[in-house]
Amino acid sequence: GTLDDVKARGELICGVNVGLTGFGAPDATGAYVGFDVDLCKAVAAAVLGDAAKVKYVPTTGETRFTALASGEVDVLIRNSTWTFSRDTDLKFDFVAVNYYDGQGFMVKKDLGVSSAKELDGATVCIQTGTTTELNLADFFKSNNITYTPVNVADDSEALRQYDAGACDAYTTDASGLAASRASLASPADHIILPEIISKEPLGPVVRHGDNNWGDIVRWTYYALLTAEEKGVTKANIDQVASSTTDPEIKRLLGLEGDMGAMMGLDKDWSRRAIAVSGNYGEIFEAHIGTSTPIGLARGLNALWTQGGLQYAPPIR
Amino acid sequence: MSLLYIRKDMLGPSAPPASQTGAIRWLRENLFSGPVNSILTLLAIYVLYALISLSWPWLANGVWTASSLQECRSIVAASAGPDAGGACWAMIHERWHQFIFGFYPPDLWWRPILAFGLLFVALAPVLYADNKSAMSKLCGLIGVLAVLCLIGADGFSFHTVLAIALFAGLTAFAATKPRALLTVTILFPFIALWLLWGGSIWGPITALLGFMVMAMIYSLIAPKLGPVMGASLGFIAACLWWLFLQSYVSEAWQALLPLELTYVTSDKFGGFLLAFVIGVASISISLPLGILLALGRRSDMMLIKTLSVGFIEFVRGVPLITMLFTASLLLQYFLPPQTKFDLILRVVILVTIFSAAYNAEVVRGGLAALPRGQYEAADALGLDYWQAQRLIIMPQALKISIPGIVSTFIGLFKDTTLVSFVGLADPLRGITTIVRADINWKGIYWEPYIFVGGIFFIVCFGMSRYSMYLENKLKTDHR
Amino acid sequence: MTLATEPPKANFRLGMLIYDTRYRSYTIQIIVLILFLLGVAWLANNTIENLAAKDKDINFGFLWNRAGYDIDQHLVPYTNDSTHFQALLVGLCNTLLVAVIGCFLSTILGVTIGVLRLSKNWLLSRMMTVYIELFRNVPVVLWIILVYAVLSETRPEPKDFKIVDGTSKASMILNDSFAITNRGTNVPSPLLEHPLPRIELGGYSLNLSVLACIFVVAASIWINRILRRRAAATQEATGIRPTTWWKSLLILFVPIIALLFAMGLHWDYPAFKGFNFKGGLNVAHAFTALTVALTLYYASVIAETVRAGIQAISKGQSEAAAALGLRPGRTMNLVILPQALRVIIPPLISQYLSLTKDTSLGLAVSYLDLRGTLGGITLNQTGRELECMTLMMLIYLIISLIISSVMNAYNASVKLKER
Amino acid sequence: MAEPAIDRSKMQISDEVAIQITGMNKWYGTFHVLRDINMTVNKGERIVICGPSGSGKSTLIRCINRLEEHQQGQIIVDGTELTSDLKNIDKVRSEVGMVFQHFNLFPHLTILENLTLAPIWVRKVPKKEAEEVAMHYLGKVKIPEQAHKYPGQLSGGQQQRVAIARSLCMKPRIMLFDEPTSALDPEMIKEVLDTMISLAEEGMTMLCVTHEMGFAQAVANRVIFMDQGQIVEQNEPREFFNNPQSERTKLFLSQILGH
Amino acid sequence: MAEPAIDRSKMQISDEVAIQITGMNKWYGTFHVLRDINMTVNKGERIVICGPSGSGKSTLIRCINRLEEHQQGQIIVDGTELTSDLKNIDKVRSEVGMVFQHFNLFPHLTILENLTLAPIWVRKVPKKEAEEVAMHYLGKVKIPEQAHKYPGQLSGGQQQRVAIARSLCMKPRIMLFDEPTSALDPEMIKEVLDTMISLAEEGMTMLCVTHEMGFAQAVANRVIFMDQGQIVEQNEPREFFNNPQSERTKLFLSQILGH
């Protein structure tokens, strides 16, 4: 299966975005950084023991699924929405949801609009090759209002168009909207409308049929989530490991039982994954959280214990 | 009437009347020779003025050092007033290396620089044939430039010394034995491969051995069974070598004598480095292919002609973008299950196929320009088809075709920007997207395009001038 | 014809397959054929295996499923409820639209620039040279992006057209009928008060008004040709050519204007309402940018072709004409152009071919042409790469073949007769 | 070449002046190509101009129908002075026919169309009439059967004869020839010279740049020798060839007749 | 041309047959270009072929080294029949040298390389030896000093002599010439003819298409006249010129000697 391939290769090939602020893009030195990228690193650490052994393959909206289907990448962690047809017809498995997103609208304040339903006749910038265009069509249709789509190739182009006023509203996933808003000259002049017109569960994707590999990616992600739940962080992981008495943490950190072996990994897999860039919350804060220029609130992505949707099944 | 007239003293030349010279006349003749012309001149001056006044303030307010777009904006606002626009060249200042080298590790930049320099040395024999002085001048110049680039890239180091020695040696060769440079031309693909990707030196060497196997088999078989059989059996043998033996041999030698450069994976390639790798690789592989296709298209054999024509017309009939999408979307369907290879390699293959069709047409033009007599003379001397092609026809046809090939290359080089559509980091859109994904530079728009466009212009303009120069030269010296 | 081939000699040897010119070519061709078929079989086999491994099939049925996405510019009726096939048609029309308009405009611009480049005006010819070099030597994608950016960056927003207290920040041009905003160009659209009825033909409806217009224009052109032929005949008989230009103008324009007037043509002017201009026709900038950039780029290429074509006609030709007393204008019409066109048109048609192919670069500004619909969103939504790509290549190929067969026909018809 | 039997009966020179050039100078940029040219050509004269390459022969005769502009002095053709007045230029050009070294036929037109083009568009002659005239002159140059072929299909000699016929169709009073035979194969030279001779026999005023000395001796009534943009010597042919006066002429003749 | 003093001592004709053509016919498409050609050439013969343009002279001699394929009849060159067997063709071509009207030297190679190319690649002679042979023949055609120039730098006459030397380097037993002098300026014709004469004096079997009648009279031992693809008349030169038998020959000779 894929696990053997990855091990044999000594490298995880991770499909990422060509460039999406906060989620995945190369920095000035060419190293990939971002929210999605850290999950790639965690998987690599879990499987290979070295977070650096990842090869990032930038994929466009058009090439991403083909890249995965053809085995060019082992896993696609590239803000892709989990939909029925992608799961079934395209023969993929979405193993988890690492970011609950939804499609929203951003408009300029001086447009005087406070709800998406007032957008009748508006021009809307929209990226092609994504689910957003389908959602948009559905939303306007169901509200019996009209719009003019302006198709743009990527986020930065959309932003430029929007900024120049080429469209009244920019629609994309709310996370993207927040990032874009942050980079505008005066973010305060723009508002993100309250309507979230779609469910956009974004998550890592693997090929259908290789269940073990799917499990590895899924549980690596859940390990990060559980770590947050249990307060295990990058900084305190070693200390917790030595002092904890909580059986669940013990299982999580491989101190008890041999969960790794059931997936073909060793005992320390999850500990390594967490050690790379910390737990889910830490990763979130580091790349897209409120302390970053992007400034996303946890919202739906808060832990279930804090009113969010992020809920990791028990590790046992 | 007597017809006789003799001029006793010959007149010397005298200066033309005043109305024939001077700046006023030049102006009158070139700019204001009539009402229509005068209007056109004024119109042109107005257009020039409008263009300059539109773009000058923006260029003049440019900021060269800043760490983010916001900073640029505030610097411009501080110096030129809140509404003034200004270019933010600081981004180029910070990210230029990604536009040039992509993600190639900075401490290894000397390798692409050296490879690029050697490219010109390899081209010298093709461009200048036997012109010793031109060749040595070119080699020397390239050497100096390469060394300067190296010093710029990582200071004065071991590589600089290496480069100085290498280029000095090559220049000396060019000056004394220009033919010897042909060896560099032949070896260049392997050298470049090794320099760019690194890894064990035995890889390229054993790959080269494959060609030697081919040559050996050819020379053994060709006299007995004819050149076609020789070539095909040689090719098969070489393929067998490459597929089954090469890796063992190269590993064995590597174990015996480890000689290697740090391995750099393809995904580190980007920017103009990527554009040149794709461009040069495709054009050099597609040229032989193109020659074969051109010969096929001119062949008397129906089937071969039909296949060649079909192939050429098919490839020329579809846009390059669809070929690139084929490379990234469809190739996996056509290859045996489980074969995987690098996207860059796939793109190079498809682009090669694409330019082969164009080169075929260029070469066909060159072949058609040769007088029939050349073929007949070769026949009458008893040369066989392949000998005639190799010794008589191709050297001449290719020489005629060089301008066309250069044009194809220019087109191809410009088209490498399209690889961004399949997710590669080309300088125009790929790197620009990446740079803009950085929160510091998000929102920057014109500067990268102007920068990249400028480099494209310089390279392409240079090449097109060169091909024009060649065309003129060929016009005069080909009979 | 008597290509009397001798019967093969009785003592046929195997060596003859290689050494006898007659058999050798067959031998080679058969080997090539076998290799070719093997290659094809190998590819086909791989494809089948791969499809099986991915649990896929080749099936074009998806073309009749609901597309579900919107396309802002559609020349044929389309909504997001239409099928993927309909989307394909929309894309094809969009491709052809840019191609046709691009070819037309770039020819006009290119010819102008090519001629101006040969002008005696130093400044002008230099400027044209700069233009040509600038455009030729930079990737066309860059021009597409830049034109797009210029349009959306430098033009005012629609709301600047809103009239507040009797004034507005931006104003429409050409007597308040055109508005170029940063999101599109609003142009008046023609409306008919008494249009002719439509004829329904099994799903498609035929617009009689358009048909009538086409018919009238065609008839005018035909009559004009008769007029010109008459003039030529008069010239043959008397030596003097009657002036025809004003008659031509009348014949060409009066009937169509009359028809449109009769059908009650009026313009639906765009006007600012709500967020945007309402009424009229909104031409998206993706279209404008692609068309303009391709036009500018190919104009530079065509200009070179034109210049080369005119310069290819030796100076001797114009001198000979001058020596015969022909004026420069006549010389151009009767001697230079007919010859230059033969040189110019073949490369010109290949430029058209490249332009048509380059419309696929609309990708850079997300213009929804054939590649954007069939090869873009449809492919992405359905995951049917093999089918979509094959279909798309096939369509492009057909377009190309049509264009190049036109070229070959032209070449054959104008070939100079020689010994 | 043996001296052909030539009918000199019609070759009479009238006293009327056909071309009058006085003090003419011409420069290409700063290069002084024609220097102080003075020359009078009477109606019916047959003048051969010779001289080394680059001496300005072509330029001189091209000035006469204003294919080149002169900068000083006067050129009067058939009573019309050549200035930049377009009307005068048109008038002169319709009086003066010119035959070029490289024929310069229009390759996209048939022979007949080549011949009728100028009469129809310049002289406004009805097509039918123009064609009759054209056939007449084609007959004169002995290739009426080629009327519907294209120039590319004819041999060089035939093409040059068509070029002569084309000029004649405009019924010029003066004919200029610029090395009409130098681009031809030896076998074809004769047919072109024959045509020119027959033209001379009919009394046409002719200025001919040529190195065919046989032709000069047989037909010309005056030979002009040019060097360095100047007329160095002129004389009637027999004298010119047998008894050249200036050193340059002697040198030139020795070279040209030597081989 | 004055009859040159020619040494006929070696010009002996042996009884061996060099070329034997029987009942040969050739068509281009449906155009019957060679009709029933029968001809025997013995070793040492020097045959001149003449005839009007388009009569098939070039085609005939091009058939002899299979630059053109014949469709009926037999051609036997030096005992080898020309069929589509490549080996036979190669054999014949290495026995038969050919000189073209337009020289067809290889412009990208120096003179020496032009001469050594075929010996090295076809005859597999070592380079050094090939160069010696080449210099020998270059000396023979009297331009050894040009060995390192390129063809473009030589005059037409010199080029044609190089072309002859190039053929000779393959040591052919038979030489074919297709109008070797007709693309040359008159001054250069003589030097090429001289070379050919010296070749004849050494006893080379030669077939030569030419209209140089002086050469024919001086060197040929037989003149063949062709018209419309057929051999119309053949005879020894003196008889042929002074006493042609057929009407066509007479007509042709009157044209060609007339001017």
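As written, the chains take the letters A, B, C, D and E, and residue 1 is the first residue of each chain.
Convention: a contact is a pair of C-beta atoms (placed from the backbone, for glycine too) under 8 Å apart; a residue touches a chain by one contact, two chains touch by 3 or more.
Please read these numbers as outputs of a predicted model, since none were measured by experiment.
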item	value
Chains in simultaneous contact with subunit A and subunit B	C
Greatest separation from subunit B - chain, by CA centre	D
Dominant chain pairing [most C-beta pairs in contact]	B-C
Chain occupying the middle, per Cα centroid	B
Rotation in the CA alignment of subunit D with subunit E, degrees, nearest 5	160
Chain whose Cα centroid lies at the greatest distance from that of subunit C	E
Gap in Å, rounded to a whole number, between the CA centres of subunit D and subunit C	50
Distance from subunit D to subunit A - Cα centre to Cα centre, in angstrom	88
Chain centre separation (subunit B, subunit C; CA means) in Å	30
Contacts with 2+ other chains: residues of subunit C	149, 153, 363-364, 379, 385
Two or more partner chains touched - positions in subunit A	62, 66, 69, 160
Subunit B residues counted as touching two or more neighbouring chains	325, 329, 332, 421, 445
Contact set on subunit C toward subunit D in their complex	235-240, 314, 316-317, 319-327, 330, 334-335, 338-339, 342, 416-419
Parts of subunit B lying in touch with subunit E, wherever the complex brings them together	371, 373-374, 376-377, 379-384, 387, 391-392, 395-396, 399, 477-479
Interface residues, subunit E side, partner subunit C - complex	25, 27, 29-30, 71-72, 83-87, 89
Residue numbers on subunit E that touch subunit B, as the complex places them	65, 67, 90, 93-94, 96-98, 100, 102-108, 117-118, 121-122, 152, 166-167, 170
Contact set on subunit C toward subunit B in their complex	18, 25, 28-29, 32-33, 36, 43, 46-47, 49-51, 53, 116, 119-124, 127, 133-134, 136-142, 145-146, 149, 153, 353, 357-358, 360-361, 363-364, 371, 375, 379, 385-386, 389, 392-393, 396-397, 399-401, 404
